[in-house]
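Here is the structure we will look at, set down as structure tokens.
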Amino acid sequence: MLDKNGIAKRIAQELENGWYVNLGIGIPTLIANHVPPGINVTFQSENGILGMGPFPYDGEEDADLINAGKQTITALPGSSIFDSATSFAMIRGQHIQLTVLGAMEISQSGDIANWKIPGKMVKGMGGAMDLVASAENIIVAMTHTNKHGKSKLLKKCTLPLTGVSCVKRVVTNLALIDITKDGFKLIERAPGVSVEQIKESTEGNLIVQGEIPEMDI
Amino acid sequence: MLDKNGIAKRIAQELENGWYVNLGIGIPTLIANHVPPGINVTFQSENGILGMGPFPYDGEEDADLINAGKQTITALPGSSIFDSATSFAMIRGQHIQLTVLGAMEISQSGDIANWKIPGKMVKGMGGAMDLVASAENIIVAMTHTNKHGKSKLLKKCTLPLTGVSCVKRVVTNLALIDITKDGFKLIERAPGVSVEQIKESTEGNLIVQGEIPEMDI
Amino acid sequence: MLAFFHLQYSKMDKRVSSSEAALKGVQDSMTIMLGGFGLCGIPENCIAALVKLGVTNLTCISNNAGVDDFGLGLLLQHRQIKKMISSYVGENDEFERQMLSGELEVDLIPQGSLAARCYAGGAGIPAFYTPAGYGTEVASMKEVRYFNGKPHLLEEALTADFAIVKAWKGDWHGNLVYKGTARNFNPPMAMAGKITIAEVEELVAPGELDPNYIHTPGIFVQRIFQGEKYEKRIEQRTVRSKS
Amino acid sequence: MLAFFHLQYSKMDKRVSSSEAALKGVQDSMTIMLGGFGLCGIPENCIAALVKLGVTNLTCISNNAGVDDFGLGLLLQHRQIKKMISSYVGENDEFERQMLSGELEVDLIPQGSLAARCYAGGAGIPAFYTPAGYGTEVASMKEVRYFNGKPHLLEEALTADFAIVKAWKGDWHGNLVYKGTARNFNPPMAMAGKITIAEVEELVAPGELDPNYIHTPGIFVQRIFQGEKYEKRIEQRTVRSKS
């Protein structure tokens, strides 16, 4: 089973040299800490920066330099700053090679819900709807089940959608799964997790073909 | 009768303090030389500058600083440079208070033709179609008749249009005329020009009400 | 203050004397755009002056709604806002309370569509198509149209009676330069105000800012002043230690 | 040249060795966008390399078509262009001859619509409405729609197989800074290329350009090189005397 950092680490293995990457709030943010050696990627934050660096040293934080999670950050050499209209021009125009975000639910047809629980939580979609509607390569990072033990990989989402037929891959604490036209296709098991466990935790249609390897992380 | 500089000078009297102004190629360009004392306006050139100044001193011309007529220019203190998309955002978004441009024909309903003579001259519309479609205040600067002596103020334009129902006022070598819903309304005569002369040179419907004063320039 | 206005040598000089003077003409029930992302790059001084002015029934267009005791949260506290048009309104308990109780109308818009709609409002583009929000609640009542086989929504431009932005430096003509990610929504919103007010940390004479590096050309700005005081509060102070 | 490529430590390093190397993959019948206004801010070195490469049947999207013996006029001279998409094509006799004789297809577009269509192409906006051209030849075959009582045309985004832009300074990541009015169409076109090539007068290491004053963020640029030689010809030299 993977913890949050494990999920981030597995997704970080997907990064390719030269990619521009947008990381959502939560687990996705941790990916920046696990970029494999030899791989150079540039992180975009949709509030207006390309080339986001690590947190500043204590005492060097700048109120005018934050990421989309409102955290103080730094800018790397070769970075650039721009306004929100330009930032989403990059996103909508598919100039970003990978988008990673969290989710409350995903469906076997690639729908995603992550912005609203009617009557309970209404924080707003922020940039998520623009990201999922435009990105060609979307990976969801989340736990396989919610805190009540219910599966978050569903036949059909129950919560209001953020986007339709957009998620390509999901990495959870239990597995790496691709979304195909026939449903969730199991690609890798998390260390120490059995196919049976993954099946039990997946409400949607899970396709298991042949031997399923354990992740190498 | 006015010469080109006279036409420019009369239009310059229309300028108000604080206006942003776009001047077309030809007679309109001359207006910059006749801004009345005490009036401060800012000239925009649609290739990407606000705060265009006079021509550079001989030897100080810069290939990277031109106006929309491709002439070398200077930039005044407080000027700004921007790209073509932003430039036309200003124009389309009606942030410019006055547009002055030349014309081959105008109609009594405010149509303008100034970009094409089928089979003969096809230079393209440049920024003129954007300017006339968006500007709230358009003055045309032109001669009253063409080189064959034919009126350029028509019931209906014969050449391909640049824009419809957009021209508000025209200043020619003979007169200052407003475009009203009933047609061309004569407001002022050029020095030494009679109402009769203006009538003869105007093919469209010319409205003459009461005494028509001579321009004070 | 009258004396100040008499000293203006031309309307190209857009300086006003204070945040209070900048808000002249702001009335109940108006639509106001406010720049900023979270608490970064918000027009602090104008927000304080709006509280003092006491106008109510405002429609505010702003990416976020501040926090309980800072930013637009201050206007919420004083019940001055009738409707919020935003993309993300977390980090604000009073907001959530007013929204869930129905006291506050809320129009939630995808962040990119919000930015593009402000830009379009300033750029004379009345409407455009975007893929964001297709198949979601956001799409209800909106025209769907396919381009290149992909569904898009028709989104209309946003404008405001007043747009209030915050820049780092500005000159008398209204030319603005922003610093870091405090830029965010300020440039597109500066374009979309019938009257645009800019508050800046440093107001300089024309010619002091390099024309080649102006972020918002002065043509978009009608009033400018140097903010009385900047707190520039940090929402999430995240740091690493030097060791 | 192979050695050069081996030295690249990452794909964030987008340097290529020459205008010739930059054009790798350009083929007959492709659509190419070229920045510049008149002869100001045009990618001189890439145009020369396109002539040398000899590709034909090109569709060129560029505000102007150069003059007879410089800029895009050189590609016209060599009959490499099948179709021009432009807003203004005066100052070029060969162009006029080819167009009137029917050898050259020409699509004339209002300048603001051209800029906005390139921007839209880069920004993932498939189409938008603009008032420009309503009631004219430009409107033929285009959807008309009223917003606020005013007629508008639906205009679709433009993209290109290659966008070629010219900047003043650039770094290895593709971040660009333009100088003066040589900026013009370069930023919106840089956004709209499937592959965007930037030629610059001065190529610097990452970190040398201030992130706060980048005109085109590197994400839009795939290849960059320092131009071999710049003539920067002036089309209309207008001056005043010092006396």
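Each chain carries a letter (A, B, C and D) given by its place in the written order, and its residues are counted from 1.
In this section, a contact is a pair of C-beta atoms (placed from the backbone, for glycine too) under 8 Å apart; a residue touches a chain by one contact, two chains touch by 3 or more.
Fair warning: this is a prediction, and the values are worked out from it, not measured in the lab.
*Asks:* Where are there more C-beta contacts: B-D or B-C?
*Replies:* B-D
*Asks:* In angstrom, rounded to a whole number, how far apart do the mean CA points of chain B and chain D lie?
*Replies:* 29
*Asks:* At what distance in angstrom does the C-alpha mean of chain D lie from that of chain A?
*Replies:* Centre-to-centre distance between chain A and chain D: 35 Å.
*Asks:* Measure off the straight-line distance from the CA centroid of chain A to the CA centroid of chain B, and report it in whole Å.
*Replies:* 55
*Asks:* Tell me, which residues of chain D touch at least two other chains?
*Replies:* If we look for residues of chain D contacting two or more partner chains, we find 116, 119, 123-125, 130-131, 178-180, 212.
*Asks:* Which chain B residues touch at least two other chains?
*Replies:* In chain B, residues 49, 75, 81-82, 88, 91-92, 134 touch at least two other chains, as defined above.
*Asks:* Hey, which chains are touching each other here?
*Replies:* Chains touch in the following pairs: A-C, A-D, B-C, B-D, C-D.
*Asks:* Would you tell me which residues of chain C are touching chain B in their complex?
*Replies:* 9-12, 119, 121-125, 171-173, 175, 191, 205-207, 211-212, 214, 217-220
*Asks:* Can you list the residues on chain C that touch chain A in the complex?
*Replies:* 37-41, 63, 86-91, 96, 99-100, 106, 108, 110-116, 118-119, 130-138, 168, 178-188, 215, 232-242
*Asks:* Enumerate the contact residues on chain B facing chain D in the complex.
*Replies:* Interface residues on chain B, with respect to chain D: 45-49, 54-73, 75, 81-85, 87-88, 91-92, 111, 116, 119, 122-130, 133-134, 160-165.
*Asks:* List the residues on chain A that touch chain D in their complex, please.
*Replies:* Contact set of chain A toward chain D: 17-20, 40, 42, 44, 49-51, 75, 77-82, 86, 88-96, 134.
*Asks:* Considering only the defined contacts, which chain D positions touch chain C in the complex?
*Replies:* So the residues of chain D touching chain C come out as 116, 120, 123-131, 147-148, 150, 152, 156, 178-180, 212-213.
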